[in-house]
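In the two complexes below, subunit A is the common chain; its partner is subunit B in one and subunit C in the other.
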Partner chain A sequence: MQKYKIMRGVRRFIIFFSILFMSGCWSSVEVEERGFGVGVAFDIAEASENKESTDSLKKDLLTVTYQLINPNPTSQDNGEAVSGRKPYNNISQTGDSIHQIVRELARENEHPVFMPHLKVLVVSEEILKTLSLDEILDFHFRDNEVRLSTLAFVSSGKAYETLRTNQNDTFPAFRLLDISGNEYRTTKLLTPVPLAKLIGKMHSGSSFLLQNVVSSNGEVKFSGAAVIDGKTNKCLGFLNEEELEGYTWFTGEGEGGVIRTLDKETDQIVIFEVDEMESSITSTIDGAQIAFDVSIKSEGMLSESWIDSEEAIDNEFIKRIEKEIEETVAQLVTGVLEKTQQEYEVDVMGFGEHLRINHPKVWEEMKDDWDQTFSDVPITSNVTVKIVDYGSRIVK
Partner chain B sequence: MRIKWSILNNKVKQETSSNDIKQESKDTLASSDYFTGDLTEDIEKMRQMIGHNSDVHFRDLYLGETGIRATLVFVDGVADRHLINKYIINSLMYGFPKEVEPAQSVEPFSSFIDYIQHHVLSISQINQTRMVSEIVLDVLKGSTALLIEGSEEVLNLGTGIVKSRNIEEPISEPLVRGPRVGFTEVLRENTALLRNSGKNKNLSFEKFLVGKSTEKELVVAYIKNIANTELVEEVKRRINKIDIDNVLESGYVEQLIEDNVLSPFPQIQSTERPDRVIGALLEGRVAILLDGTPFALILPVTFSMLLQSPEDYYERWIPGTLIRVLRFWAAFFTLTGPALYISFISFHPGLIPTKLTMSIIATREGVPFPSLIEALLMEIAIEVLREAGLRLPKPVGPAIGIVGGLIIGEAAVQAGIVSPIMVIVVAVTAISSFTIPQYSAGVTLRILRFVAMFSAATYGLFGVILFFLFLGAHMVKLKSFGVPYVSPAVPYRVSDWKDFIFRMPILLMKRRPKMMHTKDSVRKS
Partner chain C sequence: MISHPKDKITTPQTVVFITSYNIAIGILTLPRVTVEEADSPDVWITVILGAVIAFISGIIIVKLSQQFVEKTFYQYSQDIVGNLVGKTLSILFIIYFLTLSALEIRVLAEVTGFYLLENTPGWAMIMPMMWAGIYLISGGINPLVRLLEIIFPFTVIIFMLVLFMSYNLFEINNLRPVLGLGVTPALKAIKTTALSYTCFESLLFLVAFMKHPAKAVKVVVIATIIPLVFYLLTVVMVIGVFSIDGVVTRVWPTIDLITSYELRGLIFERFDSLLLAVWVMQIFATFIITYFAGALGFAQVFNKNISLSIYIVLPVVYIIAMVPKDLNDIFTLGDWIGNSAIFLFGTVPLLLLIITKLKGGKVNAKI
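What follows is the complex of A and B.
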């Protein structure tokens, strides 16, 4: 009886495992046989890039550039870099749909593109003026390989240029990723927008900003931001660096940075380092007339001052400097308000969101043409800056 | 949940009835099995049974001045020659009382034998017997038979000596802190070690004989007022059922009484440490000690016991807990290390951090095998090395380990057969497997590791999860002497979790494990 039981168990075991392993190595692809895409750039197709095509449907709308990890940049023997070999490999393809372009790449590259490691996504301004973000990014939102943590950027030049570098040891895609992490050092950087947040912004109907990247000769710089229209999801224009700074102060989203100002009495440079930043919107509604008031508060450190030290050591002086910094910030804020209200006539600062939460009935009436309404709304701002620290300089 | 001991009880009756038959057949044996009183004939009987052996000695002598012939039969080496010379032969030949007259003494012979037993022989263990086969067995075990002319009674003198080694630290279970005492091959010394570990009048040793052709003594140890009676009865019943000609080591007993023969998991724990046995007894478990092996068996066993070491209790509870958690992690990694490697490399490279992916690609570039073959190559190599290191003479072992581990690993990477990451995985896996305090549990995990590797190579992480599901299903179903194998996790008993993955302060462990259904549940009040 016992023996019979054991034999039955063994037989079951064998049957079970042969069934389990009968399927073979299902969808197994070794790690070195994949092309890891870490960055992607979208550009408008140039006429000269047209390849001879047998497909009559093909319209050649856009050029997509994928940045792949180059698996073997260094020789195994001594670890020294082989000259001329870069750690990445940019491959471009022109076509009218993204997924088709991705599959076309398999005809040119030995390792098909594998997307989960995609870090950055750069869209050129040019293409954003003709196509909407919705159209360009549809594949990346639908595809199961793409992670929603991929960061989105706009480039005012050619987008594929931002994925180039002259150095052999840097990854352009990682460079973009790492720069966007420096938000705590400067107010001229926008909070990075991953695809997960982008899709919400795109469908909310309100306009928003995307970080702009400019590039030349393999160098990149984060400069200003692109204004994306909430209705069409197309690029309206740009905010320059100061306006972006003003935007950061306006929203209070900055994590750190400096404000440079000139002391009027001595005409010397004074630098204020932001430690905390906070802004709150209050609205007053009088019939159909809406008015906003934004109060911005900041605490920080007097981190650099070129003013003669004899003078720069009493509370009077600190008060004066605080005033001057407040004025500088107010100028920045006014600058961005003018630009968005008068030139672009879109609300990127989130006044609509404030209205929706605090005055839902008013918002219901106004939401359809909010951007037009917004451009005429009076907005006042008051800035309070407090210097809480001035380092190891002595104050009387 | 109630323990069901009675499932297999119906077979006990058969066993006892067959014993009765044996008894009867013994009685009806030919009278040739009894001593006749004729010395020449009796000696001839014994010679026929064991006389052909070179180590059996027949020593003829006369009892003092009486002129009565007698013969001592003993086995050289097993019987204590010094004892025989000084206290038996000397007493019988020179110390035999002169006043005993042969004529007078021969008449009531039984009283004469009694006289010798009570007045002449100055040794502690002595008894009388009339059966040849019985005394032959005892002689082979070390006793000396004293045959006297005219007597049907034969004296069985306990002269056996037991060769034993010194008590040493157990080789298979060393500890940093704890008694440096291990069991030896001598059963009586082992039981003495248990007795010495603390006076306890309830500590019971029940003796059994196992093996048909070579009888061996086996002791079932338990604490009377703690251990569950049904458990003890079940253990005894299973031991009585053992029907094999020879039990060489306690491993035989383990395999003959365990619940599930097909399971990869050991359902009985073997240990060389008396402190471990005592600890288990106090938890209400039962121990089995076998003569001739230093390995005692502890049962029932749960999975967590295989990852626990006595040291966990000797150290304070914080380091004890930390080390135990570490051990659970190491066990997990031993089981799944290469499987996770395979599934990440071949199926889910998206789950590896990007920069790590880059370096893995760089190192795997040029490796001709898929990750499964690569992992199999290295895992088999390390298992072979481990086995070789075990079998090699002690001075050579470590050298081979170094040669094998370092040189082969390095050369395999240089030759591009495996990637350096694989070598790391294999090395970490191997090291992790050594943290498991129980050798048999370590082996189990090593075997299951290969199953996990194949599952991973088939379905990736999904396969690893499937493997765990099947493993979990099996472990939950498995029982060791009625106690669920993965308790207290399943069935869930919060109070027993104090001594599971964590080791809570002894102050808090007031009760014995509930899963053991002990008679006396309070450990500390």
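What follows is the complex of A and C.
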């Protein structure tokens, strides 16, 4: 019996100590002490004021700005809410490597950056002309805290400007995230590119587009797209809003939006709202000569018309408007083709992808200098637009 | 020693056992390692071909084990090729199982250390897992199988759920063209995919525990199809989202797939912790199965009590688990295990089966 009692004692002792040491989480950090980073911006280095560093090895290469959620924005002061405090903090640091910058921030901010809630990532055009996207984002692709759902943008001005706002109740990072979801309303937005998609794009060697954001005085606007060279992953230039619209039509990726056309006969504005759009590429290969033909089809409704209401909406009228919309779309498409083929000489429209899938053997031979080949390839397009509806107003 | 009536497991239990054994480390890395080999989006075809190869080796193992009623490989190998060779083979098998079990638990520590418990030392994750495992298998095969039965449905449901939730990012073009450059790329990765089905070796001892050993072939069929579906969906979804250019740059592409989306408006926005939870359970399952296999072999080869051998092999497993210095070492160890599996479970059972058939009645008379 004595023996059993000792055994029981030993067992209880072990259990007690296991509970003491094994319960809870080894690496826990209280939630108030986390600096939840929701956005990050990369800019070319700026001289930082009174933040002298003694690190002689450090070069000033880039400035990184993290947007942190302010844990208590409406802190009470004698019962009165302090007005004018923003719900976020933007903290910037200059250096030559991202991780070192992140750690540097831990020396001047009470809450170190915690990145699993990072939503957006903005790279300025300026820095993307000197450094490659791969270099800038390497840390974010390695780190265990960063989720690949983070969306990537390019800004044509300073990137940290896009993380600012004049309003006190919005998070600039969430604003970018939400705007990028409005693709169903306009064809001037690019499908958002999360880091997950960026990995493949960066390593495929094919050029691609990233949504461009412009900002001034705390206001932002999504405007056009940055063209990223597939070989160097650097920014070559931009597509403006109309060219991006052309791109969307061209790829048939649009989920919704409108086309504005001027009716030639009456010189009045007509608006066509897209319901469906699709495009398909066909290629003809004759020896070394490749040619593409793109056919774009769309259905939608006549949603606004400034044409004198005397004119009846009959088949003839519909035909005429359809033709005019087709011409407008064709112009947009030609515009973007000219820009990419002649000015940038890179293929962002997916012709390479088409070859890779439909003519894999040809692609194997051409893929290494595809961008050069592409700039001389003849491309034709034809657009078919169908108006299936004209809303709830009828004109007799 | 092992053949008490209560130590018998039913046919569905055997299926769950083998499937749980199968789904382990591979599911997180398979899309990358196959694309690395094949450099083509056709690897999903390779996944199917790999299953066929695994199926054939499974059938050979079953046919061999069915010759010897209620005997495990560690016992019957000596009947076929004599004491010395039989024991040597058994010891090789034991080393294989123990190394694999060490690898599983080390990878478990690596992945949880990277994604969940950043500052927790490796031993602090490995040790509790090992003790929990010992507690479980000291009860024999029945508690083990019952645990597997409990976690299996969760794994299936959660895994399918989180995979399908990435449909928004899925692009069919990433999987095209199909066989664009002929069948050669698809065949290049066949070794890798076949190895991801290494689980039928468990039948070398498992048939002895089966209530109806005659149904073992049926078990192999079902236990090939379930992991096949798992692997196929994983490879298709991961490549469909990342494309083959992207997938080769990610160490754990399957986890990355789950971190690539957030679904707003649901109870959870992010599902990576759910995936990691079921994955940890599956790794633990593979760990205890291989641990059990090693300890059982040790007990039967050296005529020790199984509950004693569990403790004897414990430090061995721990030390092997701590040997790899970094991630590359771990993957190298994984490659070694894979290559030895080809020899041990691809050729040895076939040779033994041929010998048994040639000897014919002589062996049967012994039983």
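Following the convention adopted for this analysis, the second predicted complex is superposed on the first by the 358 of 396 C-alpha atoms of A that agree within 3 Å, B and C clash if a C-alpha of one lies under 4 Å from a C-alpha of the other, contacts with A are read in each partner's own complex, and residues count from 1 in each chain.
As a working rule, a residue touches a chain if its C-beta (ideal position, glycine included) is under 8 Å from a C-beta of that chain, and two chains touch if they have at least 3 such contacts.
All of these numbers come straight from a predicted model, not from anything done at the bench.
In the superposition on chain A, contact of A:T380 is made with neither subunit B nor subunit C. Touch criterion met: A:V31 reaches subunit B, while subunit C stays clear of it.
When the two structures are aligned on the shared chain, A:A196 is found in touch with subunit C, with no touch to subunit B.
In the superposed model, A:F114 lies in contact with subunit B only, and not with subunit C.
By the touch criterion stated above, A:N358 is placed in contact with subunit C alone, subunit B being left untouched.
By the document's definition of touching, neither partner reaches A:Q331: not subunit B, not subunit C. Once the two complexes are laid over each other on the shared chain, residue contacts for A:Q167 go to neither subunit B nor subunit C. Judged by the number of subunit A residues each one touches, B leads among subunit B and subunit C.
Judged by the touch definition given at the top, the superposed model places A:L148 against subunit C, while subunit B stays out of reach.
Common to the subunit B-facing and subunit C-facing surfaces of subunit A are residues 25-27, 147.
The touching residues of subunit A, counted against subunit C in their complex, run 22, 25-27, 141, 144, 147-149, 194-197, 199-201, 203-205, 353, 356-358, 360-361, 364. The residues of subunit C lying in touch with subunit A in their complex are 114-115, 117-120, 124, 128, 169, 173-174, 176-177, 180-181, 241-250, 256-257, 259-262, 270, 272.
If you check the complex, the residues on subunit B that touch subunit A are 261-262, 344-347, 349-352, 354, 357-358, 360-362, 364-367, 370-372, 416, 454-455, 457-460, 466. Of all the residues in subunit A, the ones that touch subunit B in their complex are 2, 6, 9-10, 13, 20-21, 23-32, 34, 36, 38, 69, 71-74, 76, 87, 114-117, 119, 145, 147, 174.
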